[in-house]
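In the two complexes below, chain A is the common chain; its partner is chain B in one and chain C in the other.
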Partner chain A sequence: MSEKEKESGLTRRDFIRGGVRGALLAGVGAAAGGLLARSRAGDTVWQIDPEKCIACGNCATYCVLKPSAVKCVHAFDICEYCEKCFGYFDLDAPDVETGAENQLCPTGAIRRRVVHGPQYEYKIDEQLCIGCGKCVAGCGQFGMGALFLQVRHDLCINCNECAIAAACPSDAFRRVPADQPYLLKTKQ
Partner chain B sequence: MRRLILFLIVLTVSASVALAAAKLPKWYDRPDTTTPAPQSDIFEYIDVAVLAAAMALAAYLALKRRSRRGLLALTIFSLLYFGFWRGGCVCPVGSIQNVTLGLFDSGYVVPAAIIAFFALPLVFTLFFGRVFCAAVCPLGAIQDVVLVKPLKVPAWLAHALGILPYVYLGLAVLMAATGSAFIICRLDPFVGFFRLVPLGKWGQAIIQDGSWPGWDLGGRFNLLALGACVLLISAFIGRVYCRFVCPYGALLRILSRFSRWRVTITPDECIQCRLCEDACPFGAINKPTRRKNVSRSEGKGRLAALILLLPVMVAVGGWLGGRVSPVLSRRNPTIRLAERIRDEDAGKIKGTTDASEVFRESRRPVAELYEEASGKRGEFLLGARLLGAFIALVVMLKMIRFSIRRRRDDYEADRADCLACGRCFAHCPREQARLKRIRENK
Partner chain C sequence: MKIVSVIIGILIPASVAAAGAVLLNLWLRGGPGMDVDPRLPVVEQSALIEHVPVFPPVFVAGAGKAANLPGAWPRFRGSNFDTISTETVPLAKTWDKTGPPALWSVEMGEGYAGAAILGGKVYVLDYDEDEQADTLRCLSLADGKEIWRLGYKVPLSSQHGISRTVPAVTEKFVVTIGPACHVMCADAQSGKFLWGIDLVHEYGTKVPLWYTSQCPMIDDGKAIIAPAGSSMMIAVDCATGKVLWKAPNPHSWKMTHSSITPMMWGGKRMYVYCASGGVVGVSAADGKILWEYPGWRVPTSNAPSPVIVPDGRIFLTGGYRAGSMMIRLTERDGKIVPKKLFELKQKVFGSEMQTPIFHRDHIFGVTSKDAGELKEQMVCLNLQGRQVWTSGAANRFGPFGGPYIIADGKIFVTDDHGVLTLLEATPKGYRQLARAKVLSGKDSWAPMAIAGGRLIVRDSKTMICLDVRKK
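Now for the complex of A and B:
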């Protein structure tokens, strides 16, 4: 800073700087304000639209968590409590009983128990479920489609860009408001 | 044959099931589908409050208190809180993409907390310089704490590499604006480390049931390997990501030039003792110009040529951008799908992908997909041209700045490069004198 500038107090450069600063502040404010005007107060979270999901298996492999934050869930009011559940039994299963060789689930995460007569209840053990969707595909193809995949929000860390969403072939992932974080199947 | 059998099985099963379903015993209590709630929104607002408080504290520590030790403590806090506790997501660096997508796609609603994450560091930078980089950004913090032996990057190389953040910023904006991908998040080198030691998850589990969930090795290997390389380099080349990669840093560099206040090496006046010359591990200290009374007319011809060349280079950049737009546009899922369908139909490739199968099953007209893809290609062409022009503009402005001769009498922290880390303070004898005065007054 030259002597002359020091004396005059406000230099030309400072003046320009101040002007640009004001303009930039206004710009940042306008952009933020414009977005805030139509923003939502709460956060958004990722969820799978079960109507679009094709149970391709990407959810098991693309999630940054291992095991995946996507799990199979069961809409019990749709379920028909089949004795031979196509979500539970492999199509080529040698027998209709709970032996591992009969099961479709690679981790044995579905618990089968008799309710009454030929009716069986199927429950997902989420500790074991890896979200591969094999049972979802089975139930969807031959059954009622009571099994479907959902992002479990006690596990999901809500990445800014969900790695599974980026890999989803059927565009089934979308951001939903955090106060309605599930897209559940219900009885029609 | 097999299909017929299957069909019969399905028929009989569904028939028997339909009968059975009506007769679920009365005592049976149908379970509900569980829906564990996401983390409360309150944490988002706590994050914003902590961010603002940390930046205010960083500004106080860097500009008023001039305490490197305080800044280091704040750096470690930020690393633990924003990094390991909160998992490093969402960060201001990534929020560029949310804001861009929000501006271009009216269907995408940006959460208020993310807007705050984007705007607050910008506003703070306009007043106090890059105090966000100094001690608040978790990505900067993790590099800062591993810096052991800073090596000097030659000025020419540093200036050349300094173009990269603008290129990255432009690419990220293009990809976000076209709704293609959030590339900053995909290539974040440190988030894998933050997820490796998820303090937040551990803390919650320990508070809830006293258990420790264990290590989370879920971070993808290639990202962790990339992060390890960046960390290894930043042990010797200080803050290599911040200086030569970070797209948010590119924004902050621009704003920092116009900041109201800024970090100074000396608390009062520079006595040109040269003690601070090598103090900055990031090469952000400018020396006084060698000769006194440099006349501004020197290099006038070159400056004039550069200014005349500017529009030409910007046009060339725009043209080049248009040429690479087909390559860039393949990052877009719609365009990728359309090309896949076209190649499958033409018999160029055998087999299908999941995405192409879904498309065919949806019975959506192919023409409609092609139309959507060509619309996207148009967006990409415009965007890539603007990107090319922008990069050319950045390069030319950098060259123009080299050609403008400015007189500098003192050792000064570069307005754009200075990360306000405070490492240079202790090198200044005037600072030592100030500290001595403070001690004696006590």
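Now for the complex of A and C:
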């Protein structure tokens, strides 16, 4: 024991022991904090704000899942059931019929059927939808904006750092409460 | 050594080729690696409306009386087909937040049908949703009370609304075109039915997407209609219903939402119409095709009408990325030849629904919602197609673009939500005078009408009459 240790009453061994104890406590605290933070993050999920989404196509390519967990959804109360739907048909489509050359969707994920007279119902086949947003852009630009993209939570694995959110050019991705996981469009 | 060279030179390549052939055969026999659902045209229920005779219509008298008020707006785009009032009634330069006072309000069937005004009466081709009938309603300009109505049954469902045309009216006649292309002529005073034509049945017209928006015109006692079916255009004697001439349709161009606009050039009176495949000029005298211009066509839907500009120029505009174009009529070897002067991209100017106004050597209009940064703004262009001013990001009149009209040197313009804005009709700049929300419904797209300082505007369900006179 040195003279200095004698004066302070604290041996080098005590100092090291205390330091290790402190480090352990800090580690446990950090781990607990991390777990707590993780548990809080679990209460929220990723979602797309349809008012901000610009249908850039990143959702189809940046998601870690293939195909993407982002799918097109359809607000029926906004839709006008047009015979020439700008989400279904290419703007320059030579004909208003179901031939592939007329359709906008690259995977044929939108189905249509006659409802009444010249009115058509459009439905999304989520097995085929890759979340490219081509239909969303068409409907938003020339139609009523009834088609929009949403993260489907039966598919999404809720990454801490969502690859699509990082790539989203319009900051449309945000975390929302897990008990209210969708940001749906409604008729104004 | 010889055996090795035979193995390397012949057996190995032959074995590889044989294996390749076997694999190719297996691959071709195996079909696609996953289930493929071919996207082929399928037979869908025809969107064409089944032919059912609709005439004669049913007449019902009302309690209203024609107002003793001056002023006229006798058809789509007014007396001179330019959307400018010819009257000199001084109008208010501003309003308070509540806007100009509403004199009356009338409930309408869902749609965008606009009003024509003559002799203290307001004419509108409404759609009676209860009766499922196109219904020509004659209302009093004073209080909106119905004087008479004349309706024919034609079951239709909403396609962005149902009604969408403006009648043409003279002292004697009123002519209408219904959403499913039924033309009707009646006595403008009594409402007595005179004659009717089903363009789909008689001329093979294909009803445009979202029903027709073509507004009829009456010229020298003749109804001028563009069936764009077996005939491009027809002239019908309003008094008798006799077809006086038929213009041919050699390219089978189809009907659009555009309306016929008259034009004088080279001493000839002609009717200009934007059909699906191009623009056509038809002689008013005999229905001969004087010229065609296939260089202007709008994909999906051509709604705006041609804007006649001095010196044989015609300004054409559209939405759906069509932009705009100015053409000029020239003469070569005794024939009229239209030539393109300039073309504008959508982001410079393109109007999806409304027809721009030529005023004081400039063109005023509202851009469509696919015009990028300039979307839904009012734009003033010079006749070289350059932007003189734009209304700015704070002043948009969309999303689809409400109507606009000029009266007493002022522009009245609405957005889709019934907000009415008043500004100076000047190429010197965007000078806003007043703004107020005057309608509470959606889709205030119907063309406006003004007569004697009474402005008629509507949304999808309600038509109102505003007193915009100077106090």
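As a convention for this text, the second predicted complex is superposed on the first by the 149 of 188 C-alpha atoms of A that agree within 3 Å, B and C clash if a C-alpha of one lies under 4 Å from a C-alpha of the other, contacts with A are read in each partner's own complex, and residues count from 1 in each chain.
Simple rule for what comes next: contacts are C-beta pairs under 8 Å (C-beta built on N, C-alpha and C of every residue); 3 or more make two chains touch, one makes a residue touch a chain.
All of these numbers come straight from a predicted model, not from anything done at the bench.
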Touched partner set for A:D92, first chain B, second chain C, both or neither: second
Chain B versus chain C, judged by how many residues of chain A each one touches: B
Which of chain B and chain C A:V114 touches, first, second, both or neither: second
Contacts of A:K66 with chain B and chain C, given as first, second, both or neither: first
Contacts of A:F142 with chain B and chain C, given as first, second, both or neither: both
Partner chain in contact with A:K84 - chain B first, chain C second, else both or neither: both
Residues of chain A at both interfaces, chain B in one complex, chain C in the other: 80-84, 91, 116-119, 142
Chain A contact footprint on chain B (complex, rising order): 6, 9-10, 13-14, 16-18, 20-21, 23-25, 28, 30-39, 41, 44, 87, 89-90, 94-95, 97-99, 102-103, 106, 108-113, 115-116, 118-119, 122-123, 126, 181-182, 185-186, 195, 198, 216-220, 255, 257-260, 333, 353-355, 357-358, 409
In the complex, chain A residues that touch chain B: 1, 17-18, 20-21, 24-25, 28-29, 31-32, 34-36, 38-45, 54, 56, 58, 63-66, 73-77, 80-84, 91, 115-119, 121, 123, 142, 152-154, 156-161, 163, 166, 169-171, 175, 178-179, 181-182, 184
Touching residues on chain A, where the partner in the complex is chain C: 80-84, 91-92, 95-100, 103, 108, 114, 116-119, 141-142
Interfacial residue positions of chain C with respect to chain A in the complex: 37-42, 44-45, 47, 49, 156-160, 207, 209-210, 299-300, 319-321, 369-370
